[in-house]
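For reference, chains read A, B and C in written order, and residue numbers begin at 1 within each chain.
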Amino acid sequence: MSPNASLARKLAELNLTLPAAPEPKGAYRPLQVSGKMAYASGHLPIRSDGSLITGRLGEDLDVPAGYDAARWAGLGILATLKKTLGSLDGVRQVVKILGVVNCTPDFTQQPAVVNGCSELFAAVFGPDRGIGARSAIGANTLPLGVPVEVEAIFEIE
Amino acid sequence: MSPNASLARKLAELNLTLPAAPEPKGAYRPLQVSGKMAYASGHLPIRSDGSLITGRLGEDLDVPAGYDAARWAGLGILATLKKTLGSLDGVRQVVKILGVVNCTPDFTQQPAVVNGCSELFAAVFGPDRGIGARSAIGANTLPLGVPVEVEAIFEIE
Amino acid sequence: MSPNASLARKLAELNLTLPAAPEPKGAYRPLQVSGKMAYASGHLPIRSDGSLITGRLGEDLDVPAGYDAARWAGLGILATLKKTLGSLDGVRQVVKILGVVNCTPDFTQQPAVVNGCSELFAAVFGPDRGIGARSAIGANTLPLGVPVEVEAIFEIE
């Protein structure tokens, strides 16, 4: 059994159901493949029921709520990977994540928010393959008023 | 005829004249090539006459003005590609764009602004090769007061 | 002698002592390698004595102080490269830098700040290999209140 053959089972074990893969909000693809690299567009936090999470850290959302939003953005990335590649089994490793947090100027816990996505990827792909490089930064606002947007690069087989 | 041989003609058809390729504003190259990947630095919106577009979305610029600025940033990227690679014909596909929009905290239409660049690339390279992954985010300010900065990754031959 | 064999000597010539490689502030790696590309996570400005530089451009830090902070972030990236790869000698070229500057909305000199990192890399690796593509953007805040965060991509041997 390849190390990836258990990914569908892993999702089930973690009690994770992927949301619908998001539709682009402009002239872009949710995932673009170039050689062995797959670039996931900035994903917004959308719950399984299709509702968009909005709000701003330091204003109307606290760190656990931001963490949860980053996790939903990450689940959206997984859904996009699965839809585009056919399965998550072709993912060799997480290369890099960029998490941008919509927050007030005094908010400085962007890493704790973006962990919601990072820890999801670590759980799904395992720590060896699921933890990559990362940047977490702040922004005064984001598309549609979401609290966090996450883009990612994956190495695929 | 290669699928790229008509790019100069395509620019003419679209009635596009590329601006002068921008000079770096610091210790960097406008385009860096690594293997089959070409990384375009963050480009600012500069018109063909050399004037810089400044302003902030939600304050003194509306979405169509921001779209136009993103288009000029994209034209600058095309000018840089042409200057560095000798021609646009070596571009195999747009891999990813990051568009950063200088805006007020209540502005949430960053994707509509960045479309100005995305739709330019789609028109010039065609939808198959001209549409890649993308992130659009907000920022409270940008270099020299521009409304939008766009960086891009291309796969080249 | 390979062009890289003198990098340790170059650091000594420049009177540079690398700080300790930073520990991750979340579920990520400071450096992730994929093929010939090495992705450095967003690095914060930490001095050799372990103290974190905090502050905001346009508020309590001026451009020279921001430049100095970007240089410390760059030194942290070099420390991470050395720790992870064993030496800086495997770095073939700087591919791209993203510098994010924590600043007030009226601050527009992000490139002058990020030069602190770019000019460090140019000095250490030489202009041919040490200068890559770059984006410099603003942000209303950054993790732990730092004035600048820098991520980088390197081509390695």
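Quick notes
One rule holds in what follows: a contact is a pair of C-beta atoms (placed from the backbone, for glycine too) under 8 Å apart; a residue touches a chain by one contact, two chains touch by 3 or more.
Just so you know, these numbers come straight off a predicted model, no measurement behind them.
Here chain A and chain C face each other with different sets of residues for the most part; under half of the interface numbers are shared between them.
Between chain A and chain B, the superposing rotation on Cα atoms measures out at 120°, rounded to the nearest 5.
Chain C has its Cα centroid 25 Å from the Cα centroid of chain A.
Shared contact sites, meaning residues of chain C that touch two or more other chains, fall at 37, 98, 139-140.
Residue ranges of chain A in contact with chain B, taken from their complex: 25-32, 34-35, 39-42, 56, 98, 100, 102, 139-145, 149, 151.
For chain B in complex with chain A, the touching residues are 36-37, 93-98, 103-112, 114-115, 118-119, 121-122, 131-140, 153, 155.
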